[in-house]
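Here it is, the structure in full.
As written, the chain order gives the labels A, B, C, D and E, with residue 1 at the start of each chain.
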């Protein structure tokens, strides 16, 4: 049973899809939602099994499943997981049920909506566990469609514009990705059957000339930079996040952006370590610009969703910066930050959605004083806000700190500049919170209900995790590290040992007057 | 025979081009179609000339086939033109431009 | 100057001239007549090239059947009026002529490169008489020959499908009226 | 004394069946008191099936590579072509029947024989081993298509027929001139002989080049490659929708299969001369097809441009003048055929009576009016855009990797970029179907069985996208040309 | 035996945390009890701290360092941050102050917050604050310290903005957090630098390798200054002092606890804790000294110009903190901590007193409306007087000794300038505190509230009394010439090398003279009734108004940083992002569309144009082939 746990986890939602399709139109909305919810929960449980079976001693891929799919073109069904993808998968399966719960208020085309959600989950999880480049690309492309439908079908006023923009941006990126993949593939054909198997393509890529490798790196990079998104390619994000329905924004921020960062580690670094080093400064500069730029843009936003969207640009900049520092702290911090951002920003979007459900506005100007009317909702909001601000003791801090430390040991400048975002984050988040929750309450908002049981069920787990990972980040890092260390060792062997001078163990402090 | 084969080929080439010009310049569908016929003939001439050059009959057979084809084409073509005329009382191809853009 | 040369130099210019004539005749009927002349010249060329059978077929099928068919249709549709040759499509005329010239030039160049103008072929034994052509036609080319039958069937259907329709009774007068009115419209359009 | 060569009719049995049933149909039309669609359909469909069976029987044929005195090839490539074309024909026949039953005053019994004849011409072209046969087959299919286009005699339809005919005649004259040049270059028109003659220097290079260009132009016209494509949008729009579907899928397939055979066999020695030509054509075709589609407001015209675009992609695969490229092209043809037949089928059902409703606005909120049509249309559009899990994706992967393998990465780059532009075009339709509210009343054509028919290509697109292996093996075997 | 006791070290922060948790979720149900609960946890924590400190003192002088390992917080590569608690002389003093003064203020708050609907949440925040404060002082590494550092910032934000429906409160809260955040971020960079240099954040390890000469003078300076930036922010030193006066919008107990006794002194603690690095770079020390000196004088002048009783105290706090930094800057850590303790007592006392006054006068805070309150609320007045005297430096109260110690060191280390300026600052502090006292408690009532003022309930004045005792006798901690406290701290703080200078009696004389002079002068002006000080102030304009507005620093920041920054952000967000970057994207789309419509015009519908297309293609190919063939 657990032999194919990855396949099971990936395609469990398919069961839900089939049931919904089979049920046809005569399923009531409530039942439909329930089915979707149960499916996602089951998927989450399945993914927990993965964590249980995960072996920290292995730095490579685990639970690998291999089956020839299309022999004649060397496309194989190859799944595997490591310390990085593990948490990405879990993040997805964890956020999914919450997203479904958060969609409980959807009335329009519930069945189609839930189908899109489930298909989205399949493709996202799939792209995290796929080790065959073409298979990955298939999932990577496939996840566009349901997300596109979610935004365009259930989004805000400018939803169509946002959806198309989202689709085309990613499409444009992935066009280059496909080109690069196929180029590698054709190179691999030199010796016998060409293949898309990442593990064997690594050696193929190793054989390429530096110039070729750099072009291919760019091919992969553009695709993932759009998804992350990195600085000049970010404009789709604001619109998509703003127009998407709550669940859409949550998954977009929580999961989809991670696909980009994940791809950078999994493919760019694994395949083209030399090129990665060559472009490291360039990418880091983009990341730093993004960190500050996103924060600065966020300050002036009046639409709270848009504000959070720009904050994502800033936070994802941290992730990329950490990854491209090629230090253990940086890399681990980057991956950790991927999870943290997923939780923190996910929570923020969920809360924004709840606020919107009550007040039917996202304009900060039309909000205010909610802390008095709905203290618990406002409290939860504040909690999420401080998680994003990077308050020590909550999850995001650890990630940011590790990234800064990891970057700092390589370049004082990048490290210091990135730190500026910590100030800016406080500015835009607290300012927006002040306008949202403090001050006099608006007349028409006098009698808003506080959090309902469903909303508590949504918030409790995610806020809880934010706290837990803030206090005990090792729950994550201990599993992440073997992989990230291996990556660092491969890309930048000089950093395999920490850049910081390892000191002689300090004179052991007296444990009381213990012997 | 004293005439170089090339002369015939050049002649066929010229006729072919004149046919092309006809297709491009005339507005009367019938005349356009005639020009196409001229092109076909040019092709035939080239075939026969080559046959003479190679000193076998294949070329002539091919020319024969092309005549049959031409005949068939004429039937279909005229039928179409007639039916068009029935619709819009004109064989001026410039009038038929409802489908465009 | 050998006979065949003379013949060629007599008829080739006529062929070209009549072709060009067809190109510039404002009246479809005249164009058809010029085309017939052209076909005649080509048939003569066939004769020069030892293709007596094709010479015959050319005259019978083309000059005879096909062109007659054309003339018949022209009369039937009553479009034997003068077509105005004024070009309304910008650049069409120049481009057309240029392209024609270009095509001719290219073919000429290719011929010169490939064959050369000084290449004379020895008189060949076999001349394309009917029985001489019959042999390949019914052995090697038997299959294509059969295929042509299908072609002709299709042609027949075409005629039936397209031509045989209860035409709305329209007198020639009406038609001409419409045409005149249309020409006027077009003239305005071009002004 | 003439000794006649042996004619083993098995090798052309598929064509014989097609032609035979076509003639049966004609006789029925001629002598039946009043012609009945169902009888016609029965005859025609059985014709296609018989032909398919005969073709399949040839899969294991192991005789000499050519038959009929060297006029037709007998190889799996031709078998593949026949099966593909015949199945397209079958689906088109079914859809056409519905088209006529919906609007009986457009009905003409000759539709069925003509489709069969056209199909016969197409299948023949894929098997032709001699340029003259190619020419004849080309004419058969062209003439039948001219008639089919103008059949309904509506204004649009018969304007389209005239345009198609005049340009077609022009192009076939060019084609014939090309044959003449080929014959002049080497003293024969058989593909094998051409190959031999041109590889040994006995052939005449410059004349042969002339032939290459002229024949390429002729094929390009049929395959709707830029700049020989300009008839496509008008004709696709004017022709009766089922015919359009048939044309777009089958003609393209036939033209490309013939192109492959002629250029990869006869002109194989000149590869280095013609590859650059199709390189350029491919590039231009992709750009034009993708960009011009953006501004279209009529779905049939839009799909016409998309078919132009896809022709460009197939050509990209062929720039790798080898069996890999051929295989890629063949798979793409299958994928595109299924997609295009399906898409035009949906268009037919949506356009209700006649062909009035083909403007994009008709698709506003289709998802609400008839979810099924919207769903499969989305699938087809995804396939055209080359997005998994639709067949179009694997197809694109195949052609691109083939071209990359041959080192034409810049061409593939163009392809990749144009595919983004194209994606925008298809998205517009999806947006209309799913994200806009229906303005008109409920759906107009609620017939069930044509939907069932459309499920076939839809299924095909899905299966080819998910498990292309099922057909790729066969295509592998078929991609080897015998001559 | 001993470690069995130290094993409970973690309980000290844990108790308030537990209290916070309970109050946060069940505060509403607990109602009044929430305050009691919170105070109880504090009390227990205080007792426990006392026990542990006693144990610590019982250890041999050299071994007075306890580190309890709880768990590994972060562990990446060779970089580990453990959740370790450190109890040594410095943190011992700190926890005593925090829990001691803290519990008193908690008790006081029960009365002060009585009747507030959200009292449960108030005490939750208060407890949470104490937890973070304890983490700050007990942390064995800089990251735990930073955790506490940011945590207290959070609680300060929550408590200042506790009455969030008042816009000024909301604004002040935000301002406080963001202003301190600026310092904190620099401090964070400092941490990163430390990791880069040392590879660890543990105090012990850092100190050892600093002693071992692991880093250069320059690196030390960089680190020291970055850390000091954090201190400047938290301790409201110039130029980041602007948040503290506004922070008075919060409830008074908060001001007492956070903005007087504990949080704001964290900066001092930090510098003392990290002094090896500061000492390694002499520059940093000088910077600290200068900043402290400047702040002391600057804030003193501002305090003199305030009419709001709480703002006076706020500025006074700033200036007192300046004194502490002066001390630190002169390596007189013991003196600094001594002052810290003393200040904790008398400043908390005065804030609570001010709160009591407000309580008695329906939240009036403008001293111009007070007067003669000593009659209506005697206990408050008396206790407040003690506090004031202590701050003013009236012997033998705590303030006298604390300030004296600092000035003495300044003098004895040959820093005459510092000594003179310091004395001037002392003069100022005596003056403004005198002004406050005389305006509030002496003279005649100047308003209805003042006349009908009433004494506060015991739950409020009992803590006042206790603090008053502390303020009065804290001086004894360091009474002996060499100083008990100094002796206790010596292993950590070292002893200041002193040189020749004025003798102690002389300096004492000067100090007393200065103080009494100031007090008498202020009495004459503000309480004797012989002078119409308001009129006088009008005559002295604009100087008084400038002092009242804190030298217009706020306005300056507004115009120099905030407004331009906002404009910049606006341009970035709405011009660069929307118009330029996004505009480029849309432009591409538009370009394709235009091309497409051009294509539509190419498709004229004229069949002859199409034929032309064919022809062009054909001839083009012909020529191409011709060129190649």
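Definition applied: contacts are C-beta pairs under 8 Å (C-beta built on N, C-alpha and C of every residue); 3 or more make two chains touch, one makes a residue touch a chain.
This one's a predicted model, so the numbers in the text were calculated from it and none came from an experiment.
Any chain bridging chain D and chain E, meaning touching each of them, is among A, B, C; the list is complete. Look at the CA centroids: the one farthest from the centroid of chain C belongs to E.
Among the chain pairings, B-C comes first (most C-beta pairs in contact). Chain closest to the overall centre, judged by the mean of its C-alpha atoms against the mean of all protein C-alpha atoms: A.
The distance from the centre of chain B to the centre of chain D, with each centre set as the mean of the Cα atoms, comes to 26 Å.
Distance between chain B and chain E, defined via averaged C-alpha coordinates, is recorded as 97 Å.
If each chain is reduced to the centroid of its CA atoms, chain A and chain B end up 66 Å from each other. A separation of 44 Å divides the Cα centre of chain A from that of chain D. The set of chain B residues touching two or more other chains comprises 9, 16, 19-20, 23-25, 27, 32-33, 44, 49, 51, 53, 56, 58, 65, 69, 72-73, 76, 80-81, 83, 93-94, 96-101.
Shared interface positions of chain D, defined as residues touching 2 or more other chains, are 132, 136, 139, 143, 146-147, 150, 153, 161-163, 166, 170, 174, 181, 184, 205-206, 209-210, 233-234, 296, 424.
Each of the following residues of chain C touches two or more other chains: 89, 92, 95-96, 99, 103, 106-107, 110-111, 113, 115, 141, 144, 148, 151, 154-155, 158, 161-162, 165. By the document's touch criterion, interfaces exist between A-D, A-E, B-C, B-D, B-E, C-D, C-E, D-E.
Residues of chain E touching chain B in their complex: 600, 603-608, 611-612, 615. Those residues of chain D that touch chain B in the complex are listed here as 132, 135-136, 139, 143, 146-147, 150, 153, 155-156, 158-163, 165-166, 169-170, 172-174, 176-177, 179-181, 183-184, 187-189, 233-235, 237-238, 296, 301. For chain D in complex with chain A, the touching residues are 367, 382, 387-389, 393-394, 396-398, 400-401, 404-405, 409, 412-413, 416-417, 419-420, 423-424, 427, 431, 434-435, 467-469, 472-473, 476. On chain E, the positions that touch chain C within their shared complex are 604, 606, 608-609, 612, 615-616, 618-619, 622-623, 626, 629. Interface residues of chain E facing chain A in the complex, by the touch rule stated above, are 2-3, 6, 59, 63, 65-69, 71-79, 86, 118, 121, 140, 143, 146-147, 149-151, 154, 157, 161, 164-165, 167, 169-171, 173-174, 177-178, 181-182, 184-186, 188-189, 191-193, 195-200, 202, 204-205, 208-209, 214, 566, 568-570, 572-574, 577, 581-582, 585, 589.
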